[in-house]
Every structure is written in structure tokens, then in C-alpha cells.
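Here come two complexes built around subunit A, the first alongside subunit B, the second alongside subunit C.
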Partner chain A sequence: MTTTDTRPDTGSRTGPRTAARPGRPGSALARARGGLPTLVFLAPMLIVFGVFSWLPIGRAVVMSFQRTNLVTDPVFVGFANFQQVFADPLLWTAVQNTGYFALLALVFGYPVPLVAAILMSEVRRLRGLFSALAYLPVVVPPVVAVLLWKLFYDAGEDGVFNTVLAWFGLGPVAWLQDSGAVMPSLVLEATWAAAGGTVIIYLAALVGVDPSLYEAAEIDGAGVWRKLWHITLPQLRGVLLITFILQIIGTAQVFLEPFLFTDGGPANRTLTLLLLIYRYAFTNSLGGDYGAAAALSLMLAVVLAAFSMLYFRLTRSWSS
Partner chain B sequence: MATAAEKPTADRGLLAPTDRKRPSVRWSIRILHGLLLAALAVAGLGPMLWLAKAAVTPTQDTLRHPMSLWPGGIDLANLTEAWTRVEIDKYFLNTIALAAGSWAVQLLVAATGGYALAVLRPRIGRYVSGAVLATLFVPSVVLLVPLYLTILDPPVVGTSMLNTFWAVWLPAGANAFNVLLMQRFFANLPREVFEAARVDGAGPYRLFWSIVLPMSRPVIGVVSVFAVIASWKDFLWPMLVLPDPALQPLSVRLPALQQFVELDVFLAALAISSLIPIGLFLVFQRLFLSSAGLGGAVKG
Partner chain C sequence: MQTSRTAAATAAAALAALALAACTDDGPDDGKTHITVTIDAGLEQDAIDAFNARVAQFEDANPDIDVETQEYTWTAGTFTAQLAGGTLPDVFVIPFTDGRGLIERGQIADIGDYTADLPYRDAFNPNIAAAGEDADGNMWAIPISAYGQGLHYNRTLFEAAGLDPDAPPTTWAEVQAAAKQISEATGEAGYAVMTNDNTGGWILTTVVNALGGRTEDGGTATIDTPQMRQALEQLQAMRWEDDSMGDTLQYDWAGINQDFASGRIGMYVSGGGNYGNLFTQNGLNPDDYGLTVLPLADSPDAGVLGGGTLAAVSPNAEPAEQEAAVAWIDFYYMEKLTDEAAAVADAEVKAETGQPVGAPELPVFDKATYDEQQGWIAEYVNVPVEQMAPYTSQVFDQPLLTEPVTATQEVYGVLDTVVQTILTDENADIDALLETAQAEAQAAMDAAA
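After this line comes the complex of A and B, so read on.
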């Protein structure tokens, strides 16, 4: 039951397979299948998903093989959009930057919530206070968080973080202007904003670990560290893999931090894939290059969809 | 769910109860927990307290002594100035209108769709729920450009939805996660109740409105809170489809305001923008913390 809290499940009386079970023949409900009322209830979902999800997804695929502008009809151009994207030197910059962001986010953001959650799981009193404090940054609107941190990252000696560094005789650091410091600065804020959610996921998994496993280990003479290594972490492996996948999917699509902190600067050091897609489509003064944007989105999505599939398989197999 | 799983730990966790009684263990735990609490307070609460202080501090004090505990002067006028002169009130109302509409559309789509799939179970249900589920695997980046073009030239409607709230409300409804959540919940409701209602002559509409919805308050609550919070957080999409500043929500307007508003008033605006989400969190803490795991999946 380690993964119970990471999947959508609000009533756990029966398994998820009930939905697929056909109505019992002859029952009153079975007779109501199909017909006008059913269509009425399905309509909002079919219309909204059709127009704003299914059609655009199909359109994304078609568009990446077309030259689209808003004036003339789209023309099929084969793989020209893909060739154009691959010929763009900025693509490799963006791939590297996005990879670097994802890597740093793992280094910063992966161990800290785990350690915090393990410590918190042993808290007997005031656990609610611990959880609430950890989760508070998650509910701060992301734009507010970024704009606030932008102020904290002020490069001057009177900047908030530089003032704190000065207490220890360090700094000042040009957080967002220095090409070496800028990406870690962005990741630090992103980690601050997201870590609380991961802590709560781990905490839910930790309280689900069967106490008898610990008792059995103690009878065999295991100490705290060995219990941690041989019981706690193996019991969490499903959740750890899931948060890993979710984090990869999230960080590969990072937009807000590089857009608001630096707009890709300095010297394209924080130009990420999503920022590049955004620029292709929406900041081109000659009209959006929708074809190139769609082509790059599609390639990124195919890679990420593989991660999503894995995620789905894992949550299914671990929770049933 | 966490509430059900929390039971066994009332007894014990990683540490053995006998170990807990040993003074050396007890004290090291206390010290570790103290340090953790201090770190969480500094990291979690610190920035927001700083913002709360800076919102009522004159600009020069914030610039010169950013870390002083007590401001040299209190300037409550920042808040009123942000609210009136900078027209935060207008953007605040826009944000609320966007959140309310997104909430209504999401709830309508998810509740009716989930009911049809889980309770009425039409023959095509299997394919429809497969198609809805499939969208979970499609990263949101794919939708960006084609959805934008759909808003510019929507089918049937004929006129562009750019600069209308519908451009934010309607796409918000296409949330597979909500449908899945509702469908699961409805499928787990006792079917005997439905059968009984049927026998008493309730049709599918009556069954939905008078039986299923009242029994589904927990899941409606979860979907509602997530809908409001997600809408409040949204930035890129409203920025694209609402280029008219008069219609923009706080999240889109704040970065632009920074350029022509004085720092103390700007910080007051930031503080005002955080009030509703933080307030919602404090009120519905249990809901947030027991279903926080869902948040990661919503992003998809």
C-alpha cells in the first residue's frame, strides 16, 4: 500500500476495476444504458474534450508537417519544420539548459524532501505544523514566488540573500547575472516552490509502511540505519520512482522560472525548450512560426509520453 | 488514503518504542526535530513573513535594510494604494472570475461525464473513457500552439475567443484527471442505492441530482479546491489568450506592474495576491495535505 496516496482514489471500498464491469443483465440500470439521457450526460465531456483536447492533439501532429500562418491556408511541407528546428543552433543550447535544469533539480530536490519526510514521520506531536510549514510554499502563487525571489536575488550588497551572506563574510553574488550562478539560482527557487508536495507524498508512503516489518528486523538485531536501508527505502521504492518520473516530466517543461527571472539570459544560459517553443510561436515579429513550434513540441512530447506511460504502469501495478 | 493508512503508525514507526524511551535517543530526536522545525520555519514561513513585512514598509527601508526585523516606519498606505491606484482590485476580480468559471466548467464536465461513464455505462463508455484517459499521457506542451489556434478560430462559434474568459474557462474543463477521479468515486458508490431509487421511479436526471451528487461531497471538494488553486496559479495560458490588460488575472499582470509601480506598492500587490490561496490552504489544510500527492499528477 505504499503508493496509495499518489493516485486518484477517493473511495477505496472496491478496486478500480469496478468501472469496467458491465451492468448486471436484467437490472433496472442495465435497461437505461444508451438513450437520450446518457447522451445528455456525456455531451459536456465530449464537446469540451473534443474541441479543446482531442482535436488540438491531432492538429499538433498535422501542424508539425505544415507551414501555418494565419493569413493563407496551411501547406504541407514534409519534414521541413523538423529540419528547421534541428538546424537551429539554439536548439542544442535549449536541450543542454533543460537537461542541466533537470539534473540540478534532482540533485537539490530529490534528497531533501526524503530526509525531511523520514524525520517528520517520527514526529509524534505537532506533525500537522511540520507538514503545514513544508507545504506552505506550494500554495504561494508561482508568479508571486518568482517575483519575490527575484528581489531576494538582487545582485547589490543590500540584496536580501547577499545581506545574509555578508553576515558570514561571504558574497556578494550576482545570482541572476552570473552565467555560472544563474541556473542553480533558478533551480533553488523551483525546488523551494515544489519540495513541500514531495514531502507530503513521502510522508503518506512512510506511514503506510507495515510496522511488523520493523519489529521483525529488530528481533534480528537491526539498528536504525539498517532498518532505514533494508526496510524503509525498499518500501518506498515505488513512490521514489514515481516522484522521479513526475519531476522529469515537470522540469522538462519548465517555463515560468526562466521566463520571469531572466527571459532566457544571460547570453541564453537559461533558454529552455519551452521558452524556445514559446519564442518560435509567439514572439516572432514576422508572425508566429507555428510549424516549428509544433514540431519541437511534438518531439518533446513523444519523449515525455514515454515517461508518462511508465508512470501509469507503475501506479497501476503497485496500487492493485 | 492517508486517513486510513495513518492508523498503524499511531503505534510506532522506524524507531522501536523501547528505543524511544532511552534518554540518548529521546534527546537526539528532540534536537533533530527542533532543527528541522527551525529549518522549515525559515524556508517555508520566512519568505512569506518577509513579504508581509515589506508590504507595509516604505521602499527605502526595504532597499537599505532588507533583513532588519522591524521596519523604520509603517506604511499601511501601500496596501490601499495597490488596491485602488494600481487597480489590483480589478485584476483580483478577474482572477476570481477566471477561477470561478474554470471551477464551474471543470465540475460540470467531470461530474456529468463521470456519472455517465460510471453509473449509466453506455456501450461506447469504454472507448470514451479510453480517449479521456489517453490525454493524461499527452504533456501539456503539445496543446500550447494548436489550442491557441483553436481559440483564434474555434469551430461552430465562428468568432475568435481571444480576450474572452471563455478562452480560459472551456479548455480548463478538458481535465482527464478530474473525470477519472469522479468516475472512480461514482463507481464505488453502492449500486443498491441506485437500484432502489430506480424502483422508486427516479430517472437518470433525478438519480444524478438527488442521489449521486449529495453522496459525492468529498470528491467534489477535492476537485473544487484543485480547480481553484490551479486557476489561481496559471500564468502562460491566460497570458496568451488575454492580451488585453483589462481582462488579465493577477498572475499575468504582476510581472508587467513591476516596471511602473514603486517597490513598496508592488510588494503590497504581491502580498494581496497570495492571500486567497494561503487562506484556502489554512482552511482546507487536511484536504490539501491528505491529497497533496494528487497535485503532482495534475501538472502532467
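After this line comes the complex of A and C, so read on.
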């Protein structure tokens, strides 16, 4: 891949290139179009992001090297928090569980919105209704959704899913209490809850696919699968690559489902990294081990950032 | 164009400045000491009115103090977050379990100078007062109520299973047999245990204590004991052999109260003063309710695990606010335990607003003071005391044990995993579980030390 410099030629190979650019000479901000008014309009956004996003991130980094309960004075402890986290046997349990959740979500959850979007894009009538139905779970408050699904997952014979299984002579299944069934159960609800948003993204992307490509393919005798494989998926690859990395980042930070459904149980089978961070911070006898929580948060952020960079580097040629 | 953009920018900056200015609040400067005090979340309007009336009485008696109320309910997760975020009211309540740790780390205000002046300071039961004292005996937090663990049971399910509700189990073998009978006859859980949010460890420790065991010996974990093994083997038998624990195997405190109150559980272990929550928050039918003491093994070390509630003051409170906070604690929480008029007034309001009066507690002072206070409010008692007689007639004779002190919540968390494994894995290996739990509990204690 090559890049092209589109900046105007100053006509001089030796003079400063900035001299011929529009705007005032001096700082980068001053050179920017708009000058002070732009800066003033940006200020609220910069303040909001600074105060509520960047500053807490910066504080968390500092906190990861401190022993602090946020009430008494913090003490710098070097890498002790990181050592403590690495020495915790539950860390590896949480890593495995998070990886398992991400894998299940990828295998079963990732294709679902894509298939749904492609099917819906083929529907001529009531597409709006289907879109709304697909998006509906996204607007249901997550806590309400989990409470609803807890009824579905009731381990008794009168639980919703177990009632359905009983029609076929199956079950009952202790969905959230069985060490084998619990994680797939969480993935199922998470997929239901989140798929709608991705469906909308895919539908929007499908609208952008040039219809003449399909017409040409039909003239050449291509069937549904060939059109899907050779036109739809390649045309969506940019969006697919983005939703893939977003899914990985999202599932690596799964918290809501294990927190509300199982609190990490049974026997830590659904203890995820974020739940472990929560436990470090809020449910221990130290009155808040925020140093360890910040250390694990920082480690997770670094791993995800590194993974994202690697991913974008490896897939650069596919997405262009 | 340039002028209008500049004007717009100036307006935006002014709005931003205004918004920031609106965020600051220094409070009224009227020469009074302002404190915020805890009011239970989710109260009915009558109860809120009654609370506000008490606030007005306090302010009349203390014109230099202004009291604001703030809804607050202690839970492990929210409390720690509020503590760190500085959003707790000036006066709040905590369980005994948390007192010592918060005091050692200076996370609550040192109100020792003010509590020393309380007329009943030296009248507290020493075992109970210790929960709110530092190593030098200064009282940083005031015990306002205490309880011993009890066995709650559903009288209606007992009758349906052919059991006598007036003769509840007196041994753990009888508990197991009754649970099986209830489960077979009614299809409901004969016996249930808490498992989540460290409550699994709390209840397991309770049973181990009742069998004569301990989970800690001066900073050393003692998880792998014959009593622990016995408790787990019985749990395993009830779950997998008797099938008497129902379909729901994961409970926190709120969840098990809810299911018990709705008639889905025959028996469970929790604090002896739980009736208030069961009745006011979970709609328990009083006719269903029964309470008895925990069966204690024939061992000199067997005892009933106790607990209770401390009133504490925010570490952010200034000295004048701390003094005012102690005055409020004395007025609102303690006078009804020591003063007849206050006790009667409190009971009267509760009875009028449909709140339970007379649910069993353990005395924070001595038994004579407790009995005297119960006598003052006798005519207002509206809980089914006869159905609690198996508890109230015996609990004062049971040895009361305090909770483990080192890394309490972490060790409870470790034991949560043990209980959950026993209940969800038919082939759970108790030896292996205890070996792992012993190591993890010791590591937690070492880290805390």
C-alpha cells in the first residue's frame, strides 16, 4: 500500500513547507483553521473527556503502584500490586473463563447478527418491523433483561426453558447452576442482548453495496451462496473487521452477565477478569484493594491495546 | 461572521463556566453544625414521617445541629464504594464483621473522645463492645443491636410434611431428616443455604461453630477440620442423596429471604433478628414463621455465631460534626434501649406504622437491661412471639461466638466456592476442596497480616 502526499507544493525545496500553508504561523493549534473560536468550542468536549475519562485513566495508572483505600493516604508500593495479582490463583481461573466466554461468543454470537442482517436485507416487506424487533433487546435495560432471563433459566421443571425441553422429553437442566451449562447460558443471553446493535450496523453496510454487482452476478448465473461469498462478504469486510475487534474487546470485559446471573459461580466457573477486578476493589476485608484492582485493569488494558494494534496491522491489507 | 462566531464562543464558554460553578456547593452558613444521618431505604411514607418526627425532636433538643437524612442500606459492594467516594452519610451503620478492620485502617472517624462521655459506655457487654473498639479499648463505633444465628423454619411446610412445628429439630441429624420429609411431601426445598457474596462462607462457618469447630486460630487458618468435614458431608448428603435442597442452589442473603418468605424453603440458617426483613421487605405471612436455636453439638467448644450492627461516623466529618453525630446516635439508636419513654415512643411509632416490634435480639448491654427494655414495650409487640419461643427460650443459654477476625470476607469467599462446589458437583472431592481452601484461606490471612 502506498500513500500520496496531497499537500500543495510550495515551489521551494529548501524553505519551510509551513510557510505556504493557510493559517497563521506558530503553534499547531494556532495553525489550525478557526483558531480561538474552534478551541473554545472544543473546550467543553476536552474538559468532559479530560475530567471523566483521561484523568481517571491517569489516576488508575498511578493507583496501580499504590496501596490505597482512597480514605487514608496512599503508599507507593512499586510493582507489589502486580505481583499480588499474578500470585492470585483466581487470576488464571478468570483468564480461562474470560477466554472461554470470548470464544463461545465468537463462535456462536459473532455470526448471528450477520446472518440475521443478510436475511433481513433480502426481505422486501416489513423490513422496518424486523429491524425494530432485532433492536428491541438493545433498548431493554440490561438489569431487566437479566432478571427476565433468570426466569427463563429457572432450574426447576417449571422454568421456561425447562418447560420447553420437557415437551421433547428432555431436561430439566440446571442452566446457571451446572458447571458445564452455565457459561453457554450466559453467552446465549449476551448474544440476544447485544446482537441488535450489530444487526443495524450490518444492515446499514448492506445498503451501501452496489446493486449492480448483484445484477452482474445474476447475469453471469451466480446463485445465492456465490453472491454471498463473492460480493456481500467482501463488500462488508471493513465493517466485519471492526465488529470483530469490538466483539473481542467487549467480551474480554464481560461483567454484567456473570455479576448479575451468577456472581462468578458456581465455584468460580463464571469468574471473569472484570468480576475479579470488582472483587478486588469492593468485596474484601481491606476495605477496598484499589491498588490490585487498578493493576489488573491496567494489565487488561495493555493486553487489549496490544492485541488491537497487532490485529489492525495484520488485517491492514484486508480492510483496504 | 467572525463577530457572531466569537459571540457564540463567548456564550459557550460562559455556559461552561456557569455549569462548573453550579457544581460547587459549600452548604448553608448559618452557624449550625450540619450532619447527614441514615434512613433505611424503601420505607413506607408513614415510617418516613415517623423518622422525620424524630429528627424534628432531636433538632428541637439540639438547636445548634441541623440534620439531613440520606437513604442508605449496607451491602458489601456499595458500602466500600461509598466509603472510597466519600458519599456516605455522616452517620451510617455497618455489621460487626467490618468494625475492627475499618478502625485499624482509620476508615471511620475516631469518636472515642465523645463515646467515652456516654453514660452507658461501661455498661456494654464486653464481647459486643469489642466489635467497635480499637486495640486500646477506645470506642470508634457504637453497637446498636446484636443477634445470634438461628434456624428459621416454615411452620406451614412442617405441617404439610407431617412434622410438629412446635417441636423443631434439635440436632443436625433431625434437620437433615426433616428436610428430606418436607422435600418429599411438598416438593419444596427442605433446607437451603446461602452461597453467594461471601454468605456461603458465613453460614458454613456458623455450622462449623455449632459443631464445635473454628475456621481460624489467631491468624492461622483452620479450615481442614473434622467439624468442617462433617458439615460438608451432611450438605453433600442432603443435596445428592436426599435431594432435599430444591432446584435453586445459589442464594445470597436477599434471595434466600425472598424464597423463604414465599414458602419455597422449609429451613435455613441466618441471623435470629431476620424477621423484620422477612416481614417488611418480603411479605412473609406471620403464620408461616418459626424460629429456633441452632442445634449445638455435644462439645465444650460448640457455640452460636453472633453478629450485630454498629453505628459509625464518616471519616470526612469534622470534630463538631463527629460530636453532633454521636449525639444523634445516642438519641436515635441508644435511648430506646436505655430510656423507658424513648423505648415506648419508638415502639408506638413502629406499631402504628405496621413495622414489627419485638423481633428477638441479643442484648448489647446485659440481660437485665434487655429484659427491662422488653418489659417497657411489651404492649406494642406485634410479632408472633410464641412461634419464636424455641429460639428466645434457649438462645441466651448458648455460648455466643464472634466472627473470625482475620481476612474475614476473603475466607468467607474461599468457603463460598467450597459450598458451591458441593452443591453443584455430585463428585466433589471434599479432601481436595479442603486442601485447596486451607491454602487459599491461609494466603488471604497472611496477606491481611
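Note that the second predicted complex is superposed on the first by the 251 of 320 C-alpha atoms of A that agree within 3 Å, B and C clash if a C-alpha of one lies under 4 Å from a C-alpha of the other, contacts with A are read in each partner's own complex, and residues count from 1 in each chain.
Operating definition for what follows: a contact is a pair of C-beta atoms (placed from the backbone, for glycine too) under 8 Å apart; a residue touches a chain by one contact, two chains touch by 3 or more.
Everything numeric here is computed off the predicted structure, so don't read it as measured data.
**Student:** Is A:Trp192 touching the first partner subunit B, the second partner subunit C, both, or neither of them?
**Tutor:** Touch partner of A:Trp192: subunit B, not subunit C.
**Student:** Report for A:Ile201: first if it touches subunit B alone, second if subunit C alone, otherwise both or neither.
**Tutor:** Once the two structures are laid over each other on A, A:Ile201 reaches subunit B alone.
**Student:** For A:Phe282, select first, second, both or neither according to whether it touches subunit B, subunit C, the two together, or no partner.
**Tutor:** A:Phe282: touches subunit B and subunit C.
**Student:** With both structures superposed, pick whichever of subunit B and subunit C touches the larger number of subunit A residues.
**Tutor:** B
**Student:** Which partner does A:Gly250 reach: the first (subunit B), the second (subunit C), both, or neither?
**Tutor:** first
**Student:** Which partner does A:Asn268 reach: the first (subunit B), the second (subunit C), both, or neither?
**Tutor:** Second partner only.
**Student:** For A:Ile57, select first, second, both or neither according to whether it touches subunit B, subunit C, the two together, or no partner.
**Tutor:** Once the two structures are laid over each other on A, A:Ile57 reaches subunit B alone.
**Student:** A:Pro37 in the overlay: touching subunit B, subunit C, both, or neither? Say first, second, both or neither.
**Tutor:** Both: A:Pro37 reaches subunit B and subunit C.
**Student:** So, does A:Pro89 touch the first partner subunit B, the second partner subunit C, both, or neither?
**Tutor:** Second partner only.
**Student:** With the two structures laid over each other on chain A, which partner does A:Gly221 touch: subunit B (first), subunit C (second), both, or neither?
**Tutor:** A:Gly221: touches no partner chain.
**Student:** Which subunit A residues come up in both lists, the one for subunit B and the one for subunit C?
**Tutor:** Overlap of subunit B and subunit C footprints on subunit A: residues 37, 40-41, 43-44, 70, 278, 281-282, 288, 290.
**Student:** Within their complex, state which residues of subunit A touch subunit C.
**Tutor:** Listed in rising order, the residues of subunit A that touch subunit C are 36-37, 40-41, 43-44, 47, 69-72, 84, 89, 154-157, 172, 174, 176-179, 262-263, 265-268, 278-279, 281-288, 290.
**Student:** Which residues, counting only subunit C, touch subunit A once they are in their complex?
**Tutor:** 5-6, 8-10, 12-13, 16, 76-77, 80-81, 83-85, 98, 101-102, 105-107, 195-198, 246-250, 252, 315, 407-410, 413, 416-417, 420-421, 423-425, 440, 447-448
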